[in-house]
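In what comes next, subunit A is part of two complexes: it sits with subunit B in the first one and with subunit C in the second one.
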Partner chain A sequence: MIRSDLAAKLAGRTTFGADLDRPGMLWAALVLSPVAHGRIRRVDLSKVRKAPGVVVAITAPDVEKLLPKGSGDPERPVFPTREVLYRHQPIAAIAARTLSEARAAALLAEVDIDPLPIVDDIETVFPEWPEPSKKPNSAVVAHVHARHGDLEAAFREAEFVHSETYRTAGVHQVALETHACLAEVEGAIWRVTTSTQSPFSVREDLSSQLGLPESAVVVEGSWVGGGFGGKTSALLEPFALLLAAAAGAPVRLALSYREEFLLGRTTLPCVVRIESSVAKGRVTGRRVRMLLDCGSTMPSRDFATGYAITFLLGPYNVDTFEVEGYGLRTNKPPFGPHRAPLIPQLTFVIDSHMDSIARRLSVDPIAFRRAHVWHEGDSTALGQRIGPSGIDSALERAEKTVLRWRGNAPREHGFGIGVGYWSTGVSAGGEARLRLTPQELVIEQGEREIGSGSVVRGLVAVAERSLGLPASAIRVAYSDTASAPFDSGVFGSRTVGALGQAVQKASEELVRELEARTGTKGSLRLEFDGRSIRAVASGLRRPIAELLTPEELNEGGLKAHGKFYGPPMKFDESRVVAGSFYPVADVVGAVHLAEVSVDRETGAVKVHRYAAFHDVGVALDMAMVRAQVEGGVVMGLGTALTEESLWSSEGSLRNPGLLDYRLPRLNDVPPIEVYPVEGFPGAGPFGAKGVGEPPIIPVPAAVANAVADATGARVFELPLSPERVARALKLL
Partner chain B sequence: MTAPPTITLTVNGRTLECRRVPDDERLLDTLRWRLGLKGTKEGCRTGDCGACTVLVDGESVLSCLALTHTVEGSSLVTVEGIAAEPLGKAVVAAFQAEGAVQCGYCTPGFVVALTGLLKERGPKASREEILAALSGNLCRCTGYSPIIRATERLLEKHR
Partner chain C sequence: MPFSLSTPKDPAEAFRLLVAGRPGETALLAGGTALLRDLDEGQNHATHLISLRKLPWNRHAWKGEALEIGSTEPLRTLENDPLVRARLPGLHQAIEAVGSVALRHRATLGGNLGRASPASDLIPVLLALEALVNLRSPRGQRVVDIEQFIISSRQTAREPDELIESVSIPRALPSAYVWQRVRPSNDISQVGVAVALGPPPGRWRVALGGVSPRPVRLPEAEEALVSRRPSEAEVELAAQAAARHAPFVTDRRATEGYRRRLVTTLVRRAVRSTAEHRARRAGPKGGR
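Now for the complex of A and B:
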């Protein structure tokens, strides 16, 4: 595999956020709220401040004294001033000479909070459900509603209306490295080095939350020990920076694993009522209603409800529909991104439902999907045109594989298909600078590698194809937000598709400049002999050293700047009744096939074989595609079978650890076959499509449909724990 | 109260003295923060993830669960020293060839644990035995498939 980061990682020489230190560094700990909801009467840190080793301890009133402007964003105070909104919400922070002193001191904080009633279960706060809310409900942070066509007529004229209710659990990202950062305040500069997927998002968060100009905040990304969406915005950085400002010393703050579970912003539970009218073997209309647990999200900061709900219609054509969703505020940490946030869960809903209708009609479930699936030129729910789409081609290949597998599997095994899609974040912009020296090409950019390889390999692959250089001549440079070109960050499977286009444009500018200098046109490529780079075109073969000016040779080489900001996208606003929806950017489809058996006594599901067919547009590096698919499938098996955040009625997470929150382990993993579907180019460079998130999306659906195929019983709730399967089999 | 003792350890071939080691200091913290060997990763600190695996006198140990004073006088190998051993070098090469690394945070634990397993059980150990024993190490990125392939590659080579 071509990745320049592997050797250092294998030798233990890579510095992650959790590994950062500085001379004279202090260690920090947080004081966490003992209740999930309450009015703060008193936070007294006097005993904390006298504890051994403690240098500073801060809480809400201290913040304004530390900030140059005296206050930050009143909507997002660093520490709660009047009310705590979730259990374990940080209410004070401590810096001490050692970690054990900081943590011991945290226990001495005297916190007096009057408990208030809590909202923990979304189904209890919404008595009208599944009917729309008739009166204002203070728990609603988002209400989205869209419709198209005459749904009532479709339902009236249907042969039957298939109605089901599905429930999905909260799941955690569980990156192996917890959130960790190191803060330093020097004069007017607030500097933090942090394990983040998006240094520029963290800068924006800090700037707005602390009321600092962006130029006063410098964020440097470290190597990231797994992100999966959990490290896209600021979490610990405000606490660490304020402690550093108060102490006048560098401060390290890293979450313990337990705290990572308790404070992380994760996917939260969801309930969906889905109804489809069916006539002549086709779905003629569909109504979906969704309740989403948004945790203690501020109404202005809900991102999930409107973007997610249209996924409940699937990658399927339907003449008429209505979708209505409510994002509900509960006393949990705010909902946060998690590798295609909520979409594996909603795909489980729509694709279980499609499978269930096919079985009710006694038609082949794959043929049934193929009769409805999007092709190029079809429209999304909100009337956007679909570009080249390989989903049907993937279904066709899955169909053949099912036949082959059924032929050589034990009779009690079941086979299930999951069909999913993702809208990659190619509309979020970014810039890249290239520097061509006689010996190497340097890609200067503002992202950090989080593990998928999209930066360390993906951007390099784009430059390779654009210029003809081998990977060995290309280096990715990382720097802080003060010097790197802007980029939106690693999320939405956008790095290759969006930032890659900036690299492609900068490459084209380099070529144009070299062609101008050499009087060639249209065919110039670069070659590398292991030591130096040459420009090659018909009748031309010259070392780069001869084509650069003396200034360029002295000042870092020939430079080119590429910018990519996606064009604004529109959808049919006339279909929107209420709320904020998001346009679909680049549709990327995937079809998965699972072969399972079900233990008829315990309800335990075993996955025997797995195949994943992915619409990748053009694969820039097949080994990297395969790596993303294999990893995403296994993460999805966790969502499908074992992973579930469990809350008590007091709003406490009951399983904040790896013993009780079970991730897939090495010996749980079935053989996974990965098949790229090419020939349906996407919006990215050379027709590439994003591949980071799509692999997790169809997994729970594929597994649930295989369980239904094996047993005849459908499970309407994620994860498919032995208990839930046993109930579906009427064993309990 | 007596002063905490001085602990002598041989780490990656170098003998080192650690002064005033508290009784409750974990080997993980000694390695990372006293000796600066941060290749050994801190994951869960509860023995559930395997990221902190080191070899103590040739055997895999979760350094988050081992108190430093209990390994006094032992010979340790961490990821920083693993490639100095022929088996360790082979494991690193197999992981590199199969691309069994993404974010790299679990990687040191896997490399050390697999090296330890191959040492302990010998090159004739069965694939199933090795993979079952490796299942205490968690990886969230790779889906384990390339780690399984790297292990198979190693076992084949040593047959």
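Now for the complex of A and C:
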């Protein structure tokens, strides 16, 4: 199956956010804060306004004049009024006739800020670490705490308690396309076309941030040149809309690549203390403490801390535990989601730790994991029941592959396993409308294709299976938030699992209606001969044209509406001591295997072979599954080995570009073998499980464990740069 | 930022533009692989670029065992010359270390020298090979030893009215260039080590990149190497001398301590590779 978006993309005809254009359009630029923390004394735009080509320039006091209600959300002002909280925070915006005029004018802004002390390091600002906080700490913006069982007894009675501290680095999404949007304000309608993973989330953000009713905000998604979590909420849209309102003309705002690094909401550093009590070859109790850098502000800080922390217990049965996490405010841009936010990092922690315990016990690391791993019917840490789970089956297959690979690899090579899981976001709802015409089936929905194929291919595959139609008869339609059915957006690997169920339900409704019209029951399918669609059942074979009413033929076909809103989920609240925790929805597991060699004199790690075993439920399109897994592994190798945001003590990002922010290059990527594990159905249509995020999750753990296997030395910090490995090898 | 672009077709026109331009506002464009990025990121504020690509300096020529490399010859063309690989293995390894294949189709030796980055992969091997830089100006021509040409980070002996015409490498020599990076492909080297052997026979030259403020020769390491096929002890002494004397600093790519540790390994590997290459070339009977 060839993706329907491919021809236009290969020919360069696709309109991405950065390609948006309108007659009379102005170009925007942002004035960015020169310091990471400070009190604003003065923002003077008079020179900016006189600069060649400048049409409007706005800063905090201008915002209220432009908004119908005079103000938006006081918690999230568009521009800071008194205090800047991170370096490069936008403090003013400019629209000019050309991009170069806008950017040149931005340099003329006179900004007077009294610098204040900055917080850049989470361990420094939390003096009790690794003990819990003893007194109120203004840097703590989230605190989560849960426990179950008698942990003190488990630790007391253990043969040993294995204690380790791990640290992880901030990583960027690095979508090829930067954030970009085009804003138009006409009458009461504030309209923005934007490169987003979720038009409806952007609408909600704009509505609250600008104090506008949702009906006054219209968001249209453009084609998206990669999201990876970085385009799930509003970022540039408020600036562009306010400029458009001020100028009375369309305004386009797109970040340069450098700005994308400086302003992007990304994963930030984290430190974890993890301790496990061990008796009779089993983990009997576990305590984890986590400090998470939340950056300057973050609406979802509770979620980041409370959702992530239970992953530190792994997909393993440990009924006696205590987890405690702190989200800390620092003078960095706000923390933001990145493909399975923070979970590759936390999986590196828990699965390095499991591997380390197995080695201390001198037992096979895979067997040790299999003795603890979740099976169907087991419970999560917060007491939710696990559905059909293929993790153990994946482990079994990885075990056999390790044996085979060891047999034909040089003796100095190391082999490592990473075991990860993800909870796909099938609790977030969505709706889809189907229109069946005599010639085609149209899927009307509110998402945009971000490149993964989950919309152009995933939703189509669901309709194909539901109706019997080939993909060539199915078209996905996109529209703005004023006319598309609601959907939560492309995140959490939920598109096929959640919106796919809406498509499935609408398909079933279509079939029921056609069965009623033809007097058939239970076996009706649709067929396509390249020109027209027929309904087929036993003793029936009729063109759709004959089954539709004249009104339907005139008004776009037979329509069906499918809604999917996940059932409410509960967990055992009695285990929660403090803060917000979140239920897991649909557990999806993956086991990865890495074969590495390590240069014992320099610390350089080379990955030679890689295999990924994925619990996919049912693979609706194996080629797409393979592509997602390969892409996720490559991205994970970056997190594992080379990608790292470097911050100066003045709060500046020191590597805002691809020169020193090192993505994996294809030359450095090993052959990747992808194995689906089927037979453990998930919550999605036909038992499908999400596969967007799971492939990145086990990678850093697999590589780190392979390095430990090759050298006997464990690296406790991501990424595993040559220098960090050299330190672990005691070369310096 | 917008800029104007001139593309002179001969050196005389280039000099006219160069003399007419104001310092800070005019920049020379060779391959552009570094300059365009600097302009894009606001590191360079030039408003007028003089492209050197139409000048007749995009060629290289052998004169016996000597090689003259035009300053605007794309690195990829040099890389594809089998004689470069056979006669100057260190230079070939250094060229292969620069960026990616696509980048080497644009990047030039002149551009790399003109920028004089402390992390240059090419300058160490030119130091080890004792290359000469041929400069030209309306006043005439002059030849400057590479050692004198590179003054500091982004600072060279080129006068404002001069252009780099070519680089001469006086003789083919057994040589090697080895490096270490965070990412193997298309990254900046944390440390680069170039060595060359002779003349006279048994005289080694050792040069380093990834040091501050400019790539350097390391006489202390050179003096430790006294034979054509150095003993383990000699190599070890040279490696230790390099670690002791190299002007390493800590920056965002590596700590000073890691660089000192790395350089011992890289000196060892470069010397061994050169000695073994030489032994292979000399055939089964051993040294000449």
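One rule holds in what follows: the second predicted complex is superposed on the first by the 726 of 732 C-alpha atoms of A that agree within 3 Å, B and C clash if a C-alpha of one lies under 4 Å from a C-alpha of the other, contacts with A are read in each partner's own complex, and residues count from 1 in each chain.
Keep this in mind: a residue touches a chain if its C-beta (ideal position, glycine included) is under 8 Å from a C-beta of that chain, and two chains touch if they have at least 3 such contacts.
The structure presented is a predicted model; accordingly, all values stated were derived computationally and were not measured.
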item: Touching partner for A:A604 - first (subunit B), second (subunit C), both, neither; value: second
item: Partner chain(s) touched by A:D19 [first = subunit B, second = subunit C, both, neither]; value: first
item: Subunit B versus subunit C as contact partner of A:E630, first or second or both or neither; value: first
item: First, second, both or neither for A:R662, with subunit B first and subunit C second; value: second
item: Touching partner for A:Y307 - first (subunit B), second (subunit C), both, neither; value: neither
item: First (subunit B), second (subunit C), both or neither touched by A:L646; value: second
item: Contacts of A:S256 with subunit B and subunit C, given as first, second, both or neither; value: both
item: Comparing the two partners subunit B and subunit C, which touches a greater set of residues in subunit A; value: B
item: Residues of subunit A that lie at the interface with subunit B and also at the interface with subunit C; value: 256, 657, 659, 664-665, 667
item: Subunit B residues within the subunit A interface of the complex; value: 32-33, 37-46, 48-49, 51, 78-80, 83, 92, 95-99, 101-108, 111, 131-132, 134-148
item: Contact set on subunit A toward subunit B in their complex; value: 1, 3, 5-7, 9-16, 18-19, 21, 173-177, 223-228, 256-257, 450-453, 623, 627, 630-635, 657-659, 663-667, 669, 672
item: Subunit C contact footprint on subunit A (complex, rising order); value: 100, 103-104, 256, 258, 601-602, 604, 606, 641-642, 646, 654-655, 657, 659-660, 662, 664-665, 667-668, 721-723, 726, 731-732
item: Of all residues in subunit C, those that touch subunit A in their complex; value: 1-2, 37, 40-41, 100, 180-188, 190, 252-255, 257-258, 260-262, 265
